[in-house]
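What follows is subunit A paired twice: with subunit B in the first complex and subunit C in the second.
On to the complex of A and B.
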């Protein structure tokens, strides 16, 4: 098997709030196999050229959602995205930056916590298993595979322009709304989170690393807003 | 294998792909602006050309009828009206539950709109 190599020029946004007044870009060159992922480039920079570079990752297989970065302005999972000869690597927007490529997820986690993303029951859980239609269970599992990587939130033009929490949160609310045991008013939560500000551009669907469709979740909520949920609350 | 058990794509080239949603959103915004500007300019221009009280202004603007007969302006206007209408309808239908693919729909709407624009160019060319 033949392998070809590639030399990548990576401009990485550096910012240490303790030392820097303004962010700046530092250029690195990395040579490796041409099927390197962006994360391989970042790790190589960290291990060989800039030991003080802050970045984060965990699983390396696109499951944990922690390695989200913007490459040439497009939010991606660094462990999944193939490297390019010239890359400008930045932390995800619009989140506060802790250092270099690491964003502060405190607000994200707080938002998830506020949404109470467990089934809100009218009666206490009996402890017995509750049967769910297999097709619905599979659909719920699919919705539950959201990585919370914030790639969709970073890509969303409505988040940048309007008071909208982001597609990821609406997707989670949709997951709960479809759960048969949940009786919370998820539609109202979605509206409160700015769901109506969505442009319907489907960019979140196109860029989702888990092949989910937050845009479809938003559309389903909007349809319910017009025609009703058909579910007792 | 069920969708839930499948691993995500193991390789992405998201930085290379055409962002259909961005193109559609920007075109929708531009065409909407074109329509608004056209309506405003059209009202003023027709006033100048038709209202006797503006005869002096009309005499000072001999270029106005020439501008009004530019084929590319009509092509741009027709493209804008058709694109803005169809994309708006597409957004409405999808929110009412109709499944319409975001990739194909954008280019289909651009193609139909371009046909209307082209028709204007050909009409002015006498074809």
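On to the complex of A and C.
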């Protein structure tokens, strides 16, 4: 179980909107265990080479979803992505940058808020166990374990080109659509959010750090658009 | 060098809450629903919190295990806490946990089920009954459904806002909170009649820890500086079973089902064997009855002693031999952990077919601010709930009891704070000058041309805590640590420098502010550990290795000027005492078997 070391080159995008006219790239070399994560490289740069680097992480284990970056153009969670010999590390697009690798999520949270992602009940909750089939409960939990990390939104070619909120938001709408207590018109919300602009490329699913499938959520909604939801709204 | 007074924005909140984990969110929901105007501060992005990292196991008496009862839950809590819990808080926890679990279901959480209306129950660390509910989405699901409830209520959440202090008037009453908006480098004073501290624990005091990087004990230190008392602060819970590598994953909990094996659902079954590098089952020496299924404190200490005494692996762990027969249920219940095992260790380990390297890790701050059952601290207008509060768990916490704790007491703190502010009535804005003066002090490191970088000092403190105020403690080492802390406070803290000139997301500056908090709590932990001359729960003294009934009492710490006042105090029991179930202190295990 012994491990070997590796030296990697990281080119990190530096940008302070208040001071810099243009972003620039700064190159660093970091040596560490060969299975270290991109986050380990970034933390080492901060601790040993660039104390002024702005970056974000909290849980370091793929749960808080706040350390998303682009590595060689591919959006990933820095804490989950294994380091590569040469890495260009940049903040997630297409979001505004606070500084260096940290994005401003204000609009992201506003979008979640507008979607009203609480069960829209026709009758008040009784305060007891609701009748939910065990398999459905499990499925609901999978849909609800989205990290809101914005990796899929950053990867989505439709988001870049067309009026589409992004796969993560459709996944959350799907969670509500499948919830037995919810009577909101989630299909309409998904359509309003630009779901039909999705190319069906499946990149969101391939890159999801939580192993979820926003693409499947979109496919299911599209099916309902044709065949109906089977649920009164 | 003349430094201009820092700019400060002035805002108002009826109730100001620091912390975006479940305790803070539940407080916000309760205070909002009681009519208060609430502002919630999140130190990082709002999803960066400890609750989200939790396995989400939730102890509650659901009625689906007919042998269980709230009395049994109460007795288990006291047994695990080795009799020094705040009995009143433990009673409230046992009585209200299930109602709060239903609240979560109302918010949209789908608890795991065996039937449409019957919850799936399992066992977690230390309990005597199958009692823990859970959901596949774990702590993520709990925080998501709560966050959407916050959004639905229009509760204002300020991301990247670190509370640095509460501001008080001449009588000591809280008049607001001072915070820094880290995303802009701007100070904000929130004029507020009530502040709720729900900032979580202090796991970042230790070299190897399980919690998020933001858990630097800020709120506990702020309360201590404001004059509040701390209780049981010498008790730090270590999770026995966590990852050893890679570096980013070191210390992250490996979850109990893998470790518990069949014992996860059967109290008579054995947990996975733990072996040192000689192939010995060392846990048998520490708990011949429960063996590897012992409480977290006993197991963590047993593993640490093997490592310290040179019987660990080269990477600094021991070997856990899992039961491959539970793989299918493990994969179904905790798929995220199977993935982690696969990524960090390999396929054989992920399939529970090969030994897994494990080590202990700082998990949970058992002590905290002294509060009553409505989360009122001794400082008027200051409320504390969640991991930052002390008392309910005593010397050791049951696995699965943190989740109900933060729901039950988060709600209570929100209700009590809203009521307190309502009774206070409208008041003018006060305390701005004090806030400005404090902000100016905290600017110092930003303007110092030369000195020590905060990350270096943080590492020194973490190593001292891990080596001497961790799982294995002794009088001489604790005294040595206190001397080292005094030196850091006097020589190093006044010489901190910050490399970056930008005020936006200046991590070194944030760490400079955190260092004072870490040091305040580290010192309180070391001082009370020195005082407790016995071994109990999570606190192990090599020079006092036995439990001493004289110490069935709490240690309370309060700041008096530059010194800590340390006092031994009787345990808070039920009123009237007859309310203690007759069964206690008899362990309820017999009933389960």
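Odds and ends about this structure:
Following the convention adopted for this analysis, the second predicted complex is superposed on the first by the 231 of 233 C-alpha atoms of A that agree within 3 Å, B and C clash if a C-alpha of one lies under 4 Å from a C-alpha of the other, contacts with A are read in each partner's own complex, and residues count from 1 in each chain.
One rule holds in what follows: contacts are C-beta pairs under 8 Å (C-beta built on N, C-alpha and C of every residue); 3 or more make two chains touch, one makes a residue touch a chain.
As the structure is a prediction and not an experimental result, all values here were calculated from the model.
Once chain A of one complex is fitted onto chain A of the other, the partner contacts of A:52 are limited to subunit C, with no touch recorded for subunit B. In the superposition on chain A, A:141 makes contact with both subunit B and subunit C. Contacts of A:129 after superposition on the shared chain: subunit C is touched, whereas subunit B is not.
Using the contact criterion defined above for the overlaid structures, shared-chain residue A:205 touches subunit B, although it does not reach subunit C. Within the superposed three-chain model, A:99 lies in touch with subunit C and out of touch with subunit B [touch as defined at top].
Of the two partner chains placed by superposition, subunit B and subunit C are both touched by A:61. Contacts of A:191 after superposition on the shared chain: neither subunit B nor subunit C is touched. Once chain A of one complex is fitted onto chain A of the other, the partner contacts of A:71 are limited to subunit B, with no touch recorded for subunit C. A simple residue count on subunit A separates subunit B from subunit C, and the partner touching more is C. After overlaying the two complexes on the shared chain, residue contacts for A:6 are found with neither subunit B nor subunit C. For the contact definition in use here, the residues of subunit A common to its subunit B contact set and its subunit C contact set are 35, 37, 61-63, 80, 138, 141-142, 144-145, 147, 210-211.
Contact residues of subunit A toward subunit B in the complex are 35, 37, 61-63, 71-72, 74-77, 80-82, 84, 87, 138, 141-142, 144-145, 147, 157, 199-203, 205-207, 209-211, 215, 219-220, 222-223, 226. Only residues 44-49, 52-53, 99, 102, 105-120, 135-141, 144-145, 147-149, 151-152, 157, 159, 183, 212-214, 245-249, 252, 313-315, 332, 335-336, 339-340, 343-344, 357, 453, 455, 498-502, 504-508 of subunit C touch subunit A when the two sit together in their complex.
On the subunit B side of its complex with subunit A, the touching residues are 2-5, 7-17, 19-22, 24-25, 91, 94-97, 102.
Here subunit A touches subunit C in the complex through residues 1-3, 16, 18-19, 32-33, 35-37, 39-40, 43, 46-47, 50-66, 79-80, 98-100, 102, 104-106, 109, 112-113, 116-119, 125, 127-134, 136-138, 140-142, 144-148, 176, 179, 181-182, 210-211, going by the rule given at the top.
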